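In the two complexes that follow, subunit A is the common piece, with subunit B as its partner first and subunit C second.
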Partner chain A sequence: MSRKYLLLILAFGILLSVPSVIHDTFFLRIITEAILWIGLAISWDVLAGYTGYLNFGHGAFFGVGAYTTALLMKLCGWSFFFALPVAGVAAGIVALIAGIPTLRLKGAYFAIATWALSRAIQQVALVMDITGGPDGMRLPTFLHPEFFYYLMLAVVGGIFALYWFLLEKAPFGLKVKAIREDDQSAMSLGLNPTWIKLQAFILSAVPTGILGAIYAYWITYIDPASVLGDLVTDQAVVMAVFGGLGTLIGPAIGAIIIFLFKTYFWAYLSDYQVLYLIILGGVIASSVVFLPNGLWGTISGYLQTRKSSKQEPVSQGNSDKGAHHV
Partner chain B sequence: MELLPQATIDGLLIGGIYITIAIGFSLAYGVMHIIDFAVGEWIMLGAFLGYYLNLWTVLDPFILLPAIFLVFSLIGYLVQPLVYRVISGKKGNPVLMGLVFTFGLALMFRGMALTGFGFYSHSIPSAISQDSFFLEMGSVFITVPYVRLAGLLYALAITLVLHFVLKKTDFGRAVRALSQHREASGLMGINAKRISSYVYGIYVGLSAMTGVIIGSIFTINAQMGGEYTILAFFIVVLAGMGYLAGVPWAAFLLGLVQSFFLIFLNPSYTLMAVFGILFTILLISPKGLFGRGV
Partner chain C sequence: MSESLLQVNAVTKTFGGLHAVFQVSFHMAPGEIIGLIGPNGAGKTTLFNVISGFYAPSKGQIHFKGQDISGKPPYKLAVLGIGRTFQVVKPFAGLTVLENVIIASFAKHPKRRQAEQHAWRILETTGLADRANAQASSLTLAGRKRLEVSKALALEPTLLLLDEVVAGLNPTEADRTIELILSLRNQGITILIVEHIMRVIMNISDRVVVLNFGQKIAEGIPRDVAKDSGVIQAYLGEAPQ
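Moving on to the complex of A and B:
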């Protein structure tokens, strides 16, 4: 256990020292964006992997956060640090409203409704005058790559720690997993599935909105295609499914791999950008067929079986602890 | 208000086309309990096959329909075992995995279409595309394009044929038994795998054929899939998931919503209205307008 924490501290130390070692803004930007995608992938997984509800409108919450920040900073002249929490709250409110009717139902309805919601919000942003329509919005510029690197690191680190505590250490994690496995039995144990699912949805949406807010201020230009488009959702889904649903490390690994691939692909093969969609779709479909536990689930499952076959009759509880991923 | 009859007729004509999309979709859901996120992509691929066949053979798109149906039901028949493997898996949550799988398929198809067909919009001209007939009743004047009427007739014919097949044939009885109770129908000697493959094939074929009709009425492009996926979801949720008899009413309602927004309100808000209705239905009566869904 202590080795795990040591590794974690070491990794965090390396990440903290990155800006002082790498002075190339391009690389710093790539690393910042990779951290952003880790945040988006794990926040998607809270609902998909832990709770068993697929949110095919994750990009909508990202976009709501980004647009809230842009509107508050441009129209009301707010400072970024006041707009940031409001962006999170706005995403949370959208999740609350969308979640109340749909989370009572089976997962298929929820998947449909979130997908339709993201399309509807996209259309609203496209036709409204105040959001600039298809031209998008320009935010006050603040060119300071190191600032955004540290901010992103702190926020995503905070999100990771919060999820880790709530889902892996606190009773809340057991509650959502119980609902994922069988919500009838969970109900018979006195849990209120709809309320807990709603909490999980808000827990997934609020950080997504905050990440959207940081993204908007960092990139300084947002339009419906970049922050509300399907690509945000598509990529978060690929990262989490490929990495391994129902874990926090899996989607994070998936996010790093897919994001690095995307960066390489768009930098060197930019003539074939639409091929990227085929690859994303292919990775999702083939992960489902060949790697149903994702990359991390498969690796950790393999390590578990090797460990338990080596040291013969160890306590049973330990060996099936990590092997039960969705 | 003199536009009211015209808007109503338009809505009913458009709604008719949606029936065929949603019936196949609802049938596939009833038998396999799968929500296919690729439904709009099947429509788009069918439309493009129709477009290229029309360029190549110079035959009318309505004559090409059977060929398109054959090609795509074969594709559906061949793809289905893969879907079946995903949704009948032992590990994890198969329903969830089925959703993710079709979502991946949809992305892949969209990427392929954008690569292969480009970003431009096309239409599939039919011999009757240009003409319409007019109804005049006093001060009311209604235009009915022939091609839209043909689309509605096609949809009604398909609906009647499917109704006959489902109610009167052994295959139809097997399909209905399968959607009522999987295990019990297996005990009665119904081969669930094969029937599911046929149903999925029929559903894909119907969606592709409808794509061609859409191409001869409106325009088609490689990104049209998402819009039609939402419309199919809307109808199926409104009708009640898996409840076939509700589909035509929900489809006509959708057509009316669309044409009223187009004529009287701002068409840019149609999708918002569609979502609003969907949301209200889920809030009040999640089993659809008739309360008969699963």
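Moving on to the complex of A and C:
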């Protein structure tokens, strides 16, 4: 157990030293973006993997955070560090308003409702004047790759630590899992499912809004397609599903693999760009069929059965659900 | 009347045009075990669901500890002290037995460490401590029923609703569960139990309430109810003249 956390801390330490080793801004940018996607994948998984509710409008929170930052900085002249928390709060408020009616619904209806919400928000950004319509918005520029690298690392590292504490150490994690496993039983044990799902939804949305804020200031240009489009959600979903739902490490691994694949594909095989979405679709379809527990879930499930079959030869079949651990 | 822990007053639950439970009244004194019996489809489980808050009564009221609880959601009643089990057991299958009971313990012990200690104590009394770290999905039916009781007990309930916790067990397992129920009563927990096995109901109940087609057709001590002609008719059909 503790070896796993040691490895995580080691990985974090290596990441901390990256800018002093790699001076190539292209690579630094790729690593920064990979860290961003880790954040997006784990924040999506908080709701999907831990409560079982698939949010197909995750990109809306990202876009709301990005646009909130752009508007505050351009129209109100706020500094970035004041806009950043407000972006998180704005995404949280959207989650609260959207979650109260929709989290009472069964999972499939929730998925449709969140997808529709994200389309609606994208449409609003497209038609409004202050958001620049389809032309998007340009933010004050701050060209400092190392700054954004460290900021992204600190924020995503913070999100990871917060999630790990809340979901794996604090009572909240068990309550959330109880609702995923059986909400009727959870209710009879004193848990209010709608309230707990709402908390998880906000816990998923606020960091996503903050990541949107950092992205906007970093890239300095946002438009409805880039921050509110389907692709933000779709990639986060594929990364989390491919890596392994209901864990924190799984989606992080999924994010790294998928993002590196995408970058390689776009950088070196750009003639075949149209194939990217087809491959993404193929990956999700085949990982649902062949790796229902995701990459990490399959690996840790395999290790667990091997360990338990060593300890007690007559092990009870716990391999299929063994995936739900970090 | 102030003595009764639970007071069910003319409760009716209607689904569409069907009265699943119709004008049922009874009360429970603290420390009593009441058996709720009746043929299949008599409305026992529906009445359970109404008392535990899963359905709001269409008519009538339910008072618990003198407080009107009709229509309150289950998660509030659980904290007030009503624990229940489900006829179709509902373990949190992907979690361990211990985790299942810890979740229930949070109602009275919000801190993780205290909840875990409390869960261990519960598992000791229900005899599942040696399976604490097994996945709930790996338990046998008897184990799952025991887990169901453990979870309800972890709420530290004053009123426990047990829905067929003995049915489906072999005689040894059944005896252990009956022992457990009696020891819970000795701890002062009031118990309402639905069971099809008459041997169990007749032996452990202080009083029996009989439902048929949603209505109460008899109530009294087990011996008298067993002789009641209405009850015999409900179970065995009309006697030929």
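In this section, the second predicted complex is superposed on the first by the 308 of 326 C-alpha atoms of A that agree within 3 Å, B and C clash if a C-alpha of one lies under 4 Å from a C-alpha of the other, contacts with A are read in each partner's own complex, and residues count from 1 in each chain.
Heads up, the rule we're going with is that contacts are C-beta pairs under 8 Å (C-beta built on N, C-alpha and C of every residue); 3 or more make two chains touch, one makes a residue touch a chain.
For clarity, every value in this text was computed on a predicted model and none was experimentally measured.
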{"item": "Partner chain(s) touched by A:S17 [first = subunit B, second = subunit C, both, neither]", "value": "neither"}
{"item": "Contacts of A:S79 with subunit B and subunit C, given as first, second, both or neither", "value": "neither"}
{"item": "Greater residue coverage of subunit A in the superposed arrangement, subunit B or subunit C", "value": "B"}
{"item": "Partner chain(s) touched by A:S188 [first = subunit B, second = subunit C, both, neither]", "value": "second"}
{"item": "Contacts of A:T305 with subunit B and subunit C, given as first, second, both or neither", "value": "neither"}
{"item": "First (subunit B), second (subunit C), both or neither touched by A:I100", "value": "first"}
{"item": "Doubly contacted residues of subunit A, that is, touched by subunit B and again by subunit C", "value": "180"}
{"item": "Subunit A - residues contacting subunit C, complex", "value": "169-171, 174-175, 177-178, 180-182, 184-193, 316-318, 321-322, 324"}
{"item": "Touching residues (chain side subunit A, partner subunit B) in the complex", "value": "48, 52, 54, 56, 98, 100-102, 104-109, 111-113, 115-117, 119-120, 123-124, 126-127, 180, 230, 234, 237, 241, 245, 272, 274-289, 292-293, 325-326"}
{"item": "Parts of subunit C lying in touch with subunit A, wherever the complex brings them together", "value": "52, 54, 73-75, 78-79, 83-84, 86, 90-95, 99, 102-104, 106-107, 110-112, 115, 134-135, 137-138, 151-152, 154-155"}
{"item": "Residue ranges of subunit B in contact with subunit A within the complex", "value": "35, 37, 82, 85-86, 89, 91-93, 95-97, 99-101, 103-112, 114-115, 226, 229-230, 233-234, 237, 241, 266, 268-269, 271-272, 274-275, 278-279, 282-283, 286"}
